[in-house]
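You will see subunit A twice below: alongside subunit B first, and alongside subunit C after that.
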Partner chain A sequence: MTGIGWGVRSLGRHPLRTALSLAGIAVAAAMLLDMVMLSGGLEKSFGDLLLARGYQIRLTPRGTLPFDTEATLDGASRVVAALRRDPAIEAAGAVLGTALYGRSADSLVGLFGYGVDPTAQGLYQVTSGADLTPGDTAGVLLAGPVARLLGVGPGDSVTLIGRLDPQVAMAAVGRRFVVRGVVHWLYDHRGQLSVGAVLPVMQRLARADAADRASLVVIKARDDGAVGSLAARLRREFPELEVSSVADLVAHFKLRLVYFRQLSYILGSMSLIVAVLLIATLLTITVHERLGEIVTLRAIGVSRGTVIRQVLAEGAALTGAGGAIGIGLGLLTARYLDAILTGFPGLPAAFSFFVPRAGTLGTAAAVLFLTGSLAGLYPAWLAARSPIAETLRAEAT
Partner chain B sequence: MTPPLLQAADLRKDYPMNGETVHALRGVSLRIDPGEYVAIVGPSGSGKSTLLQLLGGIDTPSGGTVELQGTRLDALSDGDLTRLRLTRFGFVFQRFHLLPVLTARENVELPMAEAGMPRGERRARARELLAYVGLEGRTDYRITQLSGGEMQRVAIARALANRPAVLLADEPTGELDMTTGRQILHLFRRLHADGATLVVVTHDERLAAEAGRVVHMLDGAILDRCS
Partner chain C sequence: MRIAIAVRGLAALGWTLCVAGFASAQLPGIAVERGLAADLGLGIGDTVRFGTAPDSLRRLAVVSAIYQPRPDPAEISKRQRHVRMHLPDLAAALGAPDRVDRFGVGLRPGLAAESAAAVLRSNAFGYQVHSTRAIASESSQTFLVISRFHRAIAIITIVAGAVFLLCIMLLKVEERRLDAAVMRFIGVRRRTMFGALLLEAALVAVVGSVVGTGMALMAGAATNAYYRRFFDTALTFSHITPRIVIFSVALSLGLGLVAGSLAAWRLVRTRPMVLWGRQ
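Up next, the complex of A and B:
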């Protein structure tokens, strides 16, 4: 047992006080962790989501971002054909997004329709049933919520009605499709009612077939390392279009979230300060309580260095234990908060606000541990500088 | 003539109290030879404990010098003085001043750990010392589980841990009843018989009577010496 061991064991003298302090440190650590996850989590989650199917570049009408407006580009087939001839491009496909309706008994349900090229799409993953085939003009894909709402599954029929005034749509004759599969639309918000069909079918439903319109074109480059140069070249080749790599979109997103990130930094720093103050206060109190013991150790020849180390070790032990509890607490609260925040309308359900990343978490843990340990500096100095004889005299009276 | 083990020359200690200067020691000179058992006696406030603290390098004098085997304590840096206290002095306090969160053995091991003694060696020595003071069955007891007399015996074992040149004890029986005080008295007698140099500040006449020399103090000065 060394002086350091004594210091750490001393924390057990007042179990309730130590437990309360640990709880306080854990809460501060949890908040710090959440803020760290939040500060970089959004952009990480956004980048991961955009790359979920491996498509690194998006082409959209000039001045727009994917699905940011209802703007469309004309001559989608011509653009896609030109892109597919490019040896640097592995796959390219056009996507059209449009509002439409589905018939449920004798009422209409508002839906969002995706026109896709099943051979080159970065929008969905089939969860049950089958995917569409390129020439499948009779099949549709449904999001889970639509399948549940309409009470249908793969092999069943559904009626879809295109872009019409709802009043007119009631009277309009819809077109029947066979459900090929139920899919998870990557960019849908929670509960979004989405359906998909091959692009020409959706263009007809949206009355966008004449101009061969699409909302965007997704591109998969053969070489991940050459995405930047490919995007630059495509900007020159398609000056009428907006060419955005995932990195561009993340940078754009980051810019929009700058205040959000600043807020998380401020709250994170505040929680760090709270943790430090808590540890410093507790250690100062315990040092004052144990001053007699400390000066006795000094009297029998224990060095100032050992006394300082033992107080710092107490701080480190408190920070370590509080931080460990805080990690669990932080991950739990992050999950809970994420469930609330991703429920906001318009946000992709697959989006995550709190993304744990080993590097960031490691840095946060190291910063917490270091600052928490350093919080013991003042009480350690106090302990090491106490006059031995004077304190012993005071203890004796 | 044998050189002194510990020698104080014209020791003075003043300190402020309530705006006035207290002259705790007024020019005390004292020589302690190796193997001596010296008792310092006197009424409260006579400067006994202050003298002991100055002899042990716990406090610094306002004037005069203390030498341990020819080394002037005032010439040492704080670090060297701390090291000297650790290795050359053994301290026993009236209120034991043991660490309650540690066991008896761990308390005894602490100065040895500080001195850098390997774990196995210090563990063995701690057991040996606790056996010497009659606590072989209490080595793993927490301090709070021990009686006052047992605590003081642990404190004596701790003081002996690094084989000090001199053992300084400040009222070692002051907190003990007569029976347990007698046990400490016997222990000191045994220590002396085994060759230890002892300087004991005490009010306890029985303890003083055991000493080879009694130094009487009054008002910060030594009155006389009795053998």
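Up next, the complex of A and C:
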């Protein structure tokens, strides 16, 4: 039998001890897996979300991020027209976000309104009904929660009110629209009550039409590889605007959620330390218990290398089995932890903190396996250097 | 909100900010947050140019105060810089005279905020009315989520710690097989051995708890020092209360005793010859 075979078989001699060790390693591995997913999941999830419709660049008022403040940029049509003349740009569209009211029976419901250009939008996907057309000034798109709240669907009519005038106690700007479709707004949080209309209509409702205001402009570059250079060029051409590529936005986002990334590094390291301590302790005690057996093997000609391989194999087998259980446990706990963190108010519903990726999971598994195996180095050294005659004499007495 | 944008725009064009030689007595005063003043090298009496966009910095103001903002956990990750102005000056700068974002309403003593809010809500068309408590509850949602996350992580850590402790206790007691066999051969009672092993487990748990508490206090201090520096704030990030210490020590003692008693029970019920390794 090989040293590896001995190592694996020796674990079966103490089933309770081995089971407890496996449980400890599995929990530590699960925690490590979760923290690896957390550390990389934030940027992956956010980057995927931003690129969901293929728009790689956002233009916002200088010093702001998309929908981070109520600031707007003026002359949106002029900016969009200039961008569309750029041969490196495939599509560009302005978006305005504003507070609105919807009339439901005899009461008013607070809504969030998007003014969009249906031919160039990176904000929604139609789930039922039809999309708006560019000149459709009578149509409106509703989020699912709004359609349910107002009890309407495609083809029905709704009244939207842009501004309430407290002095005369009536709606200052309001009109009826036909629901064209129900859509999924990509950046909405769970249950957000959002509606959409073509940009000029929303500007009128928000009284932002005079200055042609928009909250941001989204841009789709023809060449994914040239996004960085295009963003740099746009910064020079539009110094009054903030030009952010997806990479820039992810960097801002990482800075805001730096706490979670650092926490994941700390807890991941601690999980690794716990797993290593557990394996090293178990193997050291096992080696002490089996010292007589080990030196007997040495006495009949088994090499030191075989003994070392045996002890290291025990560590590797423990780590491998514990890690395998830990993967399942980690994926389960990740779902639980993700459900907690995605409860952040205002966070897009499509966002996820724990994203399993083959690359990072492979790295985590490799690190765990390597460190777990190396944890057997000290007990292996103990086993290999034991004096044969002295130990056998001590065992005999 | 909007003035913060203006200042961020100004920060991006910091070289246009300080203008000397104006009759500052006629200019409006502006209070600048300490961090922003440090970033821009501003002091009391300096004149700054500001506006709602970087290409329209047409207004001037004199720095009349530099203030330390109250620590606000909701703001630290945003890293926004703020200034304060008199309302008419700000409204004029925004081109929106007589417009405000919100009103603060102070009630006479004895009036309930919720009932006053309900009355205002039914009468004030076009306004949203919130009591301070409702706003505090809404704005604390983020921290409730973080708190729930920390609690979930703590539960996983406790499970991992419990398994680790049980494993170590089992190994520690199993190490004593020969000692236990000898004690049984010379007539020591099982109960005495069980008590001795349990005492040993308790001692290990106590020492571990003390060391763990010390490590936690050091880690907490390091966490606070690091994040206070990182976010430039006076907020407390790690707060280890006596209640937390008592809970942790009690938990580890309890777990240690349970793990020790399980391992000791397993040892004392094994026959001495088996412990001695002759059967």
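Definition applied: the second predicted complex is superposed on the first by the 386 of 397 C-alpha atoms of A that agree within 3 Å, B and C clash if a C-alpha of one lies under 4 Å from a C-alpha of the other, contacts with A are read in each partner's own complex, and residues count from 1 in each chain.
Here is the rule we use: contacts are C-beta pairs under 8 Å (C-beta built on N, C-alpha and C of every residue); 3 or more make two chains touch, one makes a residue touch a chain.
Fair warning: this is a prediction, and the values are worked out from it, not measured in the lab.
Trainee: Of the two partners subunit B and subunit C, indicate the one touching more residues belonging to subunit A.
Mentor: Of the two chains, more subunit A residues are contacted by C.
Trainee: Taking the superposition on A as described, I'd like to know which of subunit B and subunit C A:59 touches: first, second, both or neither.
Mentor: A:59 contacts neither subunit B nor subunit C.
Trainee: So, does A:343 touch the first partner subunit B, the second partner subunit C, both, or neither?
Mentor: Touch partner of A:343: subunit C, not subunit B.
Trainee: According to the stated criteria, A:250 is in contact with first (subunit B), second (subunit C), both, or neither; which is it?
Mentor: In the superposition, A:250 touches no partner, neither subunit B nor subunit C.
Trainee: After lining up the shared chain so the two structures overlap, which partner does A:267 touch, if you call subunit B first and subunit C second: first, second, both or neither?
Mentor: It touches subunit C, and subunit B stays clear.
Trainee: For A:239 in the superposed arrangement: first (subunit B), second (subunit C), both or neither?
Mentor: In the superposition, A:239 touches subunit C alone.
Trainee: Name the contact category of A:16: first (subunit B only), second (subunit C only), both, or neither.
Mentor: Second partner only, subunit C.
Trainee: For subunit A, which residues lie in the overlap of the subunit B contacts and the subunit C contacts?
Mentor: After superposing on chain A, no subunit A residue contacts both subunit B and subunit C.
Trainee: In the complex of these two chains, what residues of subunit A are touching subunit C?
Mentor: It is residues 14, 16-17, 20-21, 23-24, 27-28, 30-31, 61-64, 69-71, 110, 164-166, 169-170, 239-240, 255-259, 267, 271, 274, 277-278, 281-282, 285, 288-289, 333, 336-337, 340-341, 343-345 of subunit A that touch subunit C.
Trainee: Using the touch definition from the top, list the residues of subunit C that touch subunit A in their complex.
Mentor: 1-2, 4-5, 8-9, 11-12, 53-55, 77-79, 124-128, 138, 141-142, 145, 148-149, 152-153, 156-157, 159-160, 163-164, 166-168, 170-171, 174-175, 227, 230, 266
Trainee: In the complex formed with subunit A, which residues of subunit B make contact?
Mentor: Subunit B residues touching subunit A: 15, 49-50, 53, 56, 58-59, 78-79, 82-87, 89, 91, 93-95, 97, 99-103, 106, 109-111, 113-115, 158-159, 162.
Trainee: Applying the document's contact rule, which stretches of subunit A touch subunit B when the two form their complex?
Mentor: Those in contact with subunit B are residues 1-3, 5-6, 9-10, 12-13, 292-293, 296-304, 306, 388-390, 392-393, 395-396.
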